[in-house]
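Multiple structures follow.
What follows is a pair of complexes built around subunit A, which joins subunit B in one and subunit C in the other.
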Partner chain A sequence: MKFTINRNQFIKKISNVQRAISTKTTIPILTGIKLELSQEGLTITGSDVDISIQTFISVSDADNELHIENTGAIVLPARFFNEIIKKLPGEQFTLNVVENNQTIIKSGKTEFTINGLDANSYPRLPEVESNEKLSISAEMLRQLVDETVFSASKQENRPILTGLHLKISAEKLLGVATDSHRLAQRIVKVNNQSDNDYDIVVPARSLKELEHCLIEDNSEIKISISENQILFEFQNTLFYSRLLEGNYPGTDRLIPTSSDTQLTFDAKSLLQSVERASLLSHASRNNVVRLAIDVNASKVTLYGNSPEVGTVEENLTTEALSGADLEISFNPDYLKEALQAFGDTKIEVEFTSALHPFTLKPSDNKENFIQLITPVRTF
Partner chain B sequence: MTIVQEQPQITAELAKTITTQHVVHAYLFTGSNQAQVQRVGIWFMQALFCPHAKEGYPCLQCNFCQRIQNNDFPDVLTLATDKKSLGVDDIREAKRELEQTSVEASGRILLIKQAEKLTTSAANSLLKFLEDPVGKVTALLLTKSVIAVLPTIQSRVQILSLADSVDTNLQVDLQEKGYSDNDLTIIQQAHLEDELMANIAGDKFKQLKQVAQTWVQQLAHNPWQAFIAVSTTILPAVENRLQQQLLLSLMEWYFSQQLNQAVDDHVKLQWAKQITMAFLHAKQLWTANVSLQNSLEQLALQATNLSKRG
Partner chain C sequence: MGTIQKLSPLLSNKIAAGEVIERPASVVKELVENAIDAKASQVDIMVKDAGISQITVMDNGTGIAANEVELAFQPHTTSKIKKAVDLFNVRTLGFRGEALASIAAIAKVQLITSTDGAIGTKLQLAGGEKKNLQTVSASQGSAITVQDLFYNTPARLKYLKTVNTELNQVINIVNRIALGNPSVAFNLINENKTLIKTSGNGNLQQTIAGIYGRPTAQNLVAVQGQDNDFMIDGYISLPQQTRSSRNYISLLVNGRYIVNQQLTKAVLAGFGSKLMVGRYPIGVLNIKMDPLLVDVNVHPTKREVRFSKEEQLATLIKTTIAENLNDINLIPSAVNSAGPLKFSPSASSTLTTQIKEPTTKQLAPTPDQWIKPGAINPQPIFDDPEHLASWDQNIKQKASDKLLDPAWTELAANVNHQGFPQLQFLTQIHATYLVAQSNDGFYLVDQHAAQERVNYEKYRQEVGQVSADQQKLLVPLILNYPNADTVIINDHLDMLQSVGIQIAPFGQNSFVVTSHPTWIKIAQEEQTIREVIDYVLQDGKISIAEFREQTAITMSCKLAIKAHDVLDNKQAQAILDQLAQTQNPYNCPHGRPTLVHFSEQDIQKMFKRIQDAHQPRREK
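Entry: the complex of A and B
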């Protein structure tokens, strides 16, 4: 296999693929990057088994300055290959695989000879059926991931909770993540032209990586789902992720339908208040803040305290206030992360009782975005 | 010689479980020759995943078989360590990985080499997984001896023992390195194959054999001399922990010889029993990180007590 290509263009294209390659892998060949050359162009693959990213550089795109002499495939050690390409002197470089997987990389007056690996040993990426029936805008997908994934569990004792539960029925995509202390649920619209419904759990880490790949991308993303893989397709790039095995716990019944106390806040100012209160709660052993609601006096107070350091008390500004009086304690970090996900908007907080979870919803999108936080018993 | 020829019985048995679809979720392979145990393990994985398998026997030629052989297959997760133990963190990471769906094959395999290296907490963390794996996962534990594995693990896996057989590959290999036929017989009878995996030259082996033999005799006839010999002849002869291991295994072999010879003589037998027990204790101490010098010197002191009483 032998080709010449524009160096900058090549570096740009492989930056996404690099994301998938991990140095920690126990499978030696996965420390490599796979290059496969056909008459149509160059396919580059990186994988750490959990996720695999593949990108295609077309010969028909003149910017790439791709000239193919003969086709073939090779796996090169990713870390070195990447550094080498970055430091090459010329505008273009030529890559030539000679015998025994030895690869000569030439640019300007420099010539590297690298020992490659047999491309046949590289894992085959699964053939996920691409029926082009499911698609979503990059913007929507980014939002979905941003607004839910932080709630996924980071502990391994219930592995299924480390993923994001995705349910697709008709034109509705519902994403739920929970670590059993809090929950985030977001509903977005997808273009679903098939009759299939899907119910899968995707590892949170994969989605975070996907999000990085999608930055500055506003195209439409095609999604294909098979029994054990999900594939996202955008701009000549394929992003594969494995799924999590097992059944996700039912979360629908966790979300309360009625409430006794309702508050409306400006998310940004509430966030600042919680951050202040958490300064002291972090210093105490159990990291809890207390919220006292007095409806008649229309007073909402947030208390934080640390036996060693001191206490903080703040009267919160509410936009609206109704229902019964209540005192409730909770972990401020959960509220903080939930508010960060809302951004700059008005939110409605609804409580049932001191020991029941409370919900947060943005006022302008109540149906499609809900966050749930479980309180802490302090008596 | 292929593994199927070396271990015809166990491979036939495994092939049969595949064709009759009686593959269980967890196996423990044991055998005194670790290299052979590993080859059976790899063969079994190939048999499970090979798309061209005939009657449970893998083709060994196809891309799947080749990649499993080279440890390049994404649905096989191998746990092995050069350190002294496999900790709970290694198991946790493996469990995280195994919770995910397979990439190419229809299921996944967790291969644990040297399962005796699992710490108690690691083994316990593995228990739940062995009881109730999520999805189609086969666990394959390889070990030297069953008793080195927690009983709770033993009860959750199917245990298969490899038949003792001559490892011809190793013998040819060793002959090339300058081992005599006499040495090879000892190696085979004393099951020293594992210790020799780490390239010990024929001359070194002869030297260690000599040291071990003289010391064991000294211990019987002149324990005080043996005490001194620990620092004068034994310590200069061994260079690293592997050689220490080999030396101890050789001594074990000579002690068992001694027992065999003393079997008719009641008085001698009593003594041989006691000294062998004391040696096994010393070896245990060595495994638990007491230095070789200390464990052997203590053994020599015990020997002086024994001979006083005798």
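Entry: the complex of A and C
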């Protein structure tokens, strides 16, 4: 196998594939990156079994400056290969596989000889049938991941909670993540032309990697789902992820439908207040802040304290408040992360009682985005 | 003839022997205990082949009267208790009346005994049957020879271990008995080789020296403690002198060696974090108590006993050891621990005498204070003979202070309440150790270990003050337990609740957790709750304290400066000052030492400025 290619184009394409490759793996060949050359172009594959990413560089795209001399396949050590290509001097480079999988990389006056591995021993990618097609815009998918995935659990002992629960019906895609202390649910538009509804759990890590691959991408992304794999297709790239097995807990009933106290805040200024209060709560063993709502006096106060360092008290600026008086305590980090997901917008915070979870919704998109935070019961 | 018959006395004795006599060491134990019960002051034990072929125990006790000799070998005959009430008030080591009969049933036994040191009785038995009885001349006391042990119970003989193992068992049991009876001189001889020899002069430390060797014994420290029911005295090793097995801890209750896990644990708890993981101290603790409080009639060999107030006793042992150790300067000397193990008498005498001194001095007013001009009513003092006596005493004490060591009085001013020296920082070496000096030499301090100790004491307090706040869970945790565990957990729901673990039964064998205490680390909820429940399953108690202590140790280690951190003078001095304020400045929470001491004397010896008088001159 031998080809010449534009170096910058190649680096762009390879950077996505690189995300799937882990240095910590029990299968040595997976630390490598697979290059497969056909008459149509070059296919690059990386995988860590959970996630596999494959991208295609077409010979027909003139930008790629791809010249094929003869076809073939090779697996090269990803870590070195990547660094070598980045540091090569020329605008193009030539890759030539000679005997015993030895690979010569030439660019300008530089020549590297790298020991490769036999491409035949590289594991095959999962097979996902893509007959019935589902699609979503890249921007929607980015939002969905951005606004929910931080709530997923990082604890491996409840594996199902480390994923994002996706429910796909004809028009909408509902994503839920919870680590059982807080929950984030987002509904986005999806284009589902099949008769099937889907109910799957995708590892949060896969979605985070996918999100990185989608930065600056505004295309429509095709989604295919098999029994234990999901495949995202975009711009000559295939992104495979394993699905989590097991039943995701029912979260619908967790979301309260009514409330007794309602507040409206500017998310950004509330975030700043919470960050101030958590400065001290972090210093205490408990990490709890207290919110006191006095409706008649129109006063909402946030308290944080550390027995060692001191206390903080802040009167919050509300846009609106109604309902009953309340005092509630909670972990400020959950509120902080929830507010960060909202960005710069107005939010409505609704409480039922000091012992029930409270909800946060953006005023302009109440139906489609909701976050839930469980309180701390203080004594 | 019916199928149920009464067993012959011989057969029932053989069965009883199976319980009491397991191996040669059991015979030695029973015979030596008899000797002690007979008020002997000298007991000689001679064994052949670790006692398998022959055991002889000779004592100078009261002996057995001629007309009772035969009776002594009948089952359930004893001179030690007489009526049922005595069973609860046993002051002798034996009382069951089984030993002699049991031994006689399974071996060939010869007894020569005399009550007056002139005319005695000689009795020979084999397999429990009398072979010969005659009057002989004998010295005061008894001499029992047991030959061919287990000759008529081949099954038991088969299960004996190697000669060395059996001999070890014999040595072990004689050791323990000797420790319990320092006023009896023991002599254990195996095939003409003396294995144990104790002086019998009533000094426990000398007895320990006879058993564990002089260097070990001289580095032990005396401990004493008592409450209304119990009195404890004995010797324990310092934390730097340890063994890898618990076997070197001997517990003696009213002179009887016993095995009791709870109390052994209490001894270790007394050392606390001063011990390294997997190391155990050497110790002999004599516990004196009213025999009413202890039931020795649990097992024929009487190794296990039951206490009426075990927990109280355990607490007393723990606090006694902890208090006694607190009084002692535990800084290991660099020279002794680094070089080959040799004993320097000066080191031990400074250890024991120096440290007690400041407390006694504080208690008794010094003569200077008595004659201060501002003192109230100096006149009556001189009239009062009692005050005059104390005056004399104080003068003597002061004089003896000076005699002891002129540097000592000067040093005493610099020592804080624990006897921990005031350290002046000199320099840091290898960015890891701090060199500090005091009036009595210089010290090397491990900076990481030292700060770990400081942090540990800080966090241990803090960790204890947790709030009862409960973080609610959206998706409850479900914990599954096996049947038997479920029953136990159900019984202890209240107790779990009291430490903040709120679980509720949830179907068969499952529990649901809807909230957890906020002190549990995020992402460790299930693991932590299970650990707490495991404590309950283990012994029906929750040791949250132990649990949090572990957390404190981890925190203290993570937050401490590491080796290879360069410190400036002020930082280094701050660590030394903080270390001096801690309750136990001598070890890090993992038991490693925080500092070692190079005394002036040690240094002088290193440079041969003074000769080691205790080392014999090498022969030419």
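Basically, the second predicted complex is superposed on the first by the 378 of 379 C-alpha atoms of A that agree within 3 Å, B and C clash if a C-alpha of one lies under 4 Å from a C-alpha of the other, contacts with A are read in each partner's own complex, and residues count from 1 in each chain.
Here is the rule we use: a contact is a pair of C-beta atoms (placed from the backbone, for glycine too) under 8 Å apart; a residue touches a chain by one contact, two chains touch by 3 or more.
None of these values were measured; they are calculated from a predicted model.
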| item | value |
| --- | --- |
| First, second, both or neither for A:182, with subunit B first and subunit C second | second |
| Touching partner for A:331 - first (subunit B), second (subunit C), both, neither | second |
| Touching partner for A:1 - first (subunit B), second (subunit C), both, neither | neither |
| Partner chain in contact with A:50 - subunit B first, subunit C second, else both or neither | first |
| Subunit B versus subunit C as contact partner of A:161, first or second or both or neither | second |
| Contacts of A:277 with subunit B and subunit C, given as first, second, both or neither | neither |
| Common ground on subunit A, meaning residues reached by subunit C in one complex and by subunit B in the other | none |
| Subunit C-facing residues of subunit A, complex | 153-155, 157-158, 161, 178, 180-183, 249, 251, 254, 285-288, 307, 329, 331, 355, 357, 372, 374-379 |
| For the subunit A and subunit B complex, residues of the former touching the latter | 26-30, 47, 49-50, 120-124, 126, 156, 159-160, 162, 203, 227-229, 242-246 |
| Residue ranges of subunit B in contact with subunit A within the complex | 63, 66-67, 70-74, 77-78, 92, 95-97, 99-104, 134-135 |
| Subunit A partner contacts - residues on subunit C that touch it in the complex | 462-463, 465-477, 515, 518-519, 522-527 |
